[in-house]
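Chain lettering (A, B and C) follows the sequence in which the chains are written, and residue indices restart at 1 in each chain.
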Amino acid sequence: MTPILETRGLNKTFGAVTAAKDLNVRINKGEIVGVIGANGAGKTTFINMVTGYLPPTSGEILMDGKAILGLAPRAITRAGLARSFQVAQLFPELTVLDNLVIALAAAESPHPSFLKPLRTKARVAKAEEILAEFKVAAYRDARVTAVPQGSRKLIDIAMAMIGNPKMLLLDEPTSGVSVDEKGDLMDTVMAAVRHHGLTVLFVEHDMDVVRRYVSRILAFYSGEIIADGPPDAVLADERVRELVTGHSDHKPAANAGAREGSSVA
Amino acid sequence: MLSFIAVLIDGTIYASWLFLVAAGLTVIYGVMRILNMAHGSFYAIGAYAAASAIGWYFSDGTGSAGMSFLLLIGCAIAAGLVVGTLVERGLLRFMYGRDEILMVIITYALLLILEDAMKLIWGVNPYFAYQPYTALGRSTIAGLKVSNYDLALIGVAVVVGLALWGWLERTNLGKILRAVIHDREVASAMGVNVRRMFFLTFIIGTTLGTLAGALTAPSISVVPGIGVEVIVLAFAVVVVGGLGSIEGAAVGALLLGLSRAMAVHFAPQFELFVIYGVMSLVLAIRPQGLFGRTLARKI
Amino acid sequence: MRLDKTELALVGLAVLLLLGGMVAPGWLIFLVTIALAKALVVQGVVMQMKAGLVSFGQGLFYCVGGYAVGMGGPFLGISAGLVLLAIGVVAAVGLAMVLGLLLTRYREIFFAMLSLAFSMILYGVLVKSQELGSTDGFNVNNWTLLGQTIAGGETATHVVFLLTVVAAAVVAFLLHRYYRSSVGMTCEAIRENEVRVEYLGLSPRWIQYANYVAAAGVSALGGGLTALAAGHVDPDMAYWTTSGEFIFIALLGGTGSVLAPFLAAIVFSLVRTYAIEFVPHAWQMILGFTLLGIVVFLPKGLWSLFTRHRPEAPVVPAAPQKTSTGGAGA
């Protein structure tokens, strides 16, 4: 089966910093993949490269077997690879409704109209549906600046899903959200994901959240994928425990040789 | 051959002048991220201050050229300190942290205010301060007569450039300033008093502007509007060189100075065109200017 | 076609102005004509401000529109006023289509400086061209409207007034629709967050380009009308301080309504008429302090004075779902 997303030998350096080192990732349709790794491990850089925001130093990126390296983010979005952002990327001074309506119009056509009104009845109705689905209907007419963090993240994800993508890359959907809200937020997101039958990769620091939703984990450390496999196996991996999840038994790194399925070839 | 040398000499003189005019602008932008539209007005204030002082000094028919140079520089520094302090304390410090483009508009407002303030102080009739210029006489280089004052300007530009460079690269204060330039937040977190650095930078930048004006005063007639003309030239220089870079300003000034001299000698109708033409060309090839850095937005 | 409040106001104001034109003194008609024509140039500035760009070079298109009207007669033998205006708009649009390729790569101060540079290039060319009167410019006369020669004097003033009011009303009407269209709203979205627009699958650069070109056309129309009204063009139309004046008027009015630039331009012209008479050397100073005042106290311009009473975006209610109207999707 052709993976929906595949990277081959992806590298990225920023000056002296290696943010990605020989990343070989294959993600198949229907998978829910969690990405873990400490701050600065290269998780966001991976998403940025895959979606065309940053050019990799070397390597290949394929979607459904076709090379997408070198395409602009807009082309990759239109090809069906959507993403959300670590810090929600919205239009702060516009209302939540307008944020969604703009996204809906963009999804309809890459060539927007000059004189036909943006806010049509059909788009507004659809936007209201989405607001309800993501439990943010209360903020319909509020400007984004007046919306709390958790709801902003939900709107950000909703906007990514508007274009009916094949696959969704979520960069820390719960960052900046209080601990008690995390569960509800993820439930809302995952309900929508299931409803639309999407393949998902999401970055998350909270291992409880990860364990609850994913079928597979990629563990990043210093630009490398040090473990890739089912959650239980990856979270039990010694190097992961030492370098990522922080429950290390304080064994020297050299002992961490026996690690479970390192990078998938 | 002769015209080639003429282009070289004229171009270098003009480049020195451009550098002097642009240096303060680029220093202020580099540290404070303020593209100061009012920099041309600082230049004009320096020119007016120097011209009226020179006029007064020579008014009784006597006076030595040597003293008049000290007077020029003294006036420039005094005007720079006064105006810089007034503007920074009275206006800019309340505006820090705003959008770069909004700062352009704010300093544009300042330009409008200063233009009329100068008219109210000095009137609208021209001022002349030619004595230091004529006192130095002329030299002949390869058969071309060149004013010694203009040649001295080249020296001043080199000294100012080296002093700025040395100050930024070789002194402790310079190190602190470079930290501010590199990352304001980090510098602030490391205990640098960023606001004090801003004040200091602004005073220095302003004084560089008034100095450029004072040094130019002897070779022009000082009239309303000179600052407005100069500011767009200074912009061209710093944009070509890369906003905020001293080396960039020097290279940009040379490039534009020589291009203009070439146009003046071979195609005078393109004199103004050439400066902005070169600027557009450089930006088309290197959007951040010759020495500029680009920063991608992190998402 | 249903008209909303702004569109009704537009039609009403245009009719009022035309009626007023029958009784108003010549100097006032002239003042309003020039103000409206300049307001059209300002509309071009506002179009770009809405998209997050501040053009310090809109005088370029103002000048192109004006010079096209002036040069049509002597160089092309065209005297029909409407054709001359159209030539100006087409020339500006053509120029903008070329410059836009470069300019749309820039944002913020780089866009401001580069647009300024382009207008200064035109200025530099014009002051050096003897056949166009170099710094003095030249007079624009002997044009016709629908076959009638407009000789100058009273009739000319009235004819240009009529032309300008109609043009301003039509452009404002279209702009009002444009600002609510997909492109218009996407321009605001680009100002707010370009990265997000890109990730919605749109090309911010293409939309900025379209907006830039359209703004050039609108501004050129203003320039052409100014040339007809003033009967004169000169290189100062492209000097950067002229563009600064347009920015001033744009900020004075604000971007809140398509009517704002007209209001601001008329206020500007009235104040200037008196200021130049009574305090000739303090006029710019007044402008400067006003500009600072606007930036600090009235960042959305004079227009926000009219909309102040409306509540800001509603304060967030505690219970979610309260105002939920749409059907549940999941």
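Convention: a residue touches a chain if its C-beta (ideal position, glycine included) is under 8 Å from a C-beta of that chain, and two chains touch if they have at least 3 such contacts.
Note that this is a predicted model, so its numbers are computed, not measured.
Asks: Quick one: label the inter-chain contact graph as line, ring, star, complete or other.
Replies: Topology of the interface graph: complete, with all chain pairs in contact.
Asks: With centres defined from CA atoms, tell me which chain sits nearest the overall protein centre.
Replies: C
Asks: Among the chains, which one keeps its Cα centre farthest from the Cα centre of chain B?
Replies: A
Asks: Please state whether A-B or A-C has more C-beta contact pairs across its interface.
Replies: Higher C-beta contact count between the two pairs: A-C.
Asks: Take the average of all CA coordinates in chain B, do the same for chain C, and state the distance between these two points in whole angstrom.
Replies: 33
Asks: Report the inter-centroid distance (CA atoms only) between chain A and chain B in whole Å.
Replies: Chain centres of chain A and chain B, defined by C-alpha means, are spaced 49 Å apart.
Asks: Give, as an integer number of Å, the spacing between the C-alpha centres of chain C and chain A.
Replies: 43
Asks: Which positions in chain A touch two or more other chains at once?
Replies: Residues 53, 89.
Asks: Where in chain C do residues touch two or more other chains at once?
Replies: 195 - these are the residues of chain C that touch more than one other chain.
Asks: Would you give the residues of chain B that are in contact with at least 2 other chains, written as numbers and ranges?
Replies: 299
Asks: Along chain B, where are the residues that touch chain A in the complex?
Replies: 296, 299
Asks: Applying the document's contact rule, which stretches of chain C touch chain A when the two form their complex?
Replies: Checking each residue of chain C against chain A gives 174, 177-178, 180-186, 188-189, 192-193, 195-203, 207, 210, 214, 312-317, 319-330.
Asks: Please output the residues of chain C touching chain B within their complex, sorted ascending.
Replies: Residue list for chain C touching chain B: 54, 56, 102, 105-106, 108-110, 112-114, 116-118, 120-121, 123-125, 127-129, 195, 240-241, 244, 247, 251, 281-285, 287-289, 291-292, 295.
Asks: In the complex, go through chain B and note every residue touching chain C.
Replies: Spelled out, the residues of chain B in touch with chain C are 35, 91, 99-102, 104-106, 108-117, 119-120, 124, 228, 232, 235-236, 239, 243, 268-273, 275-277, 279-280, 283-284, 287, 297, 299.
Asks: Looking at the complex, which residues from chain A come into contact with chain C?
Replies: Going through chain A, the ones touching chain C are 51, 53, 72-75, 77-78, 82-83, 89-95, 98, 101-103, 105-107, 110, 112-119, 125, 127-133, 135-143, 145-148, 159-160, 162-163, 191-192, 195.
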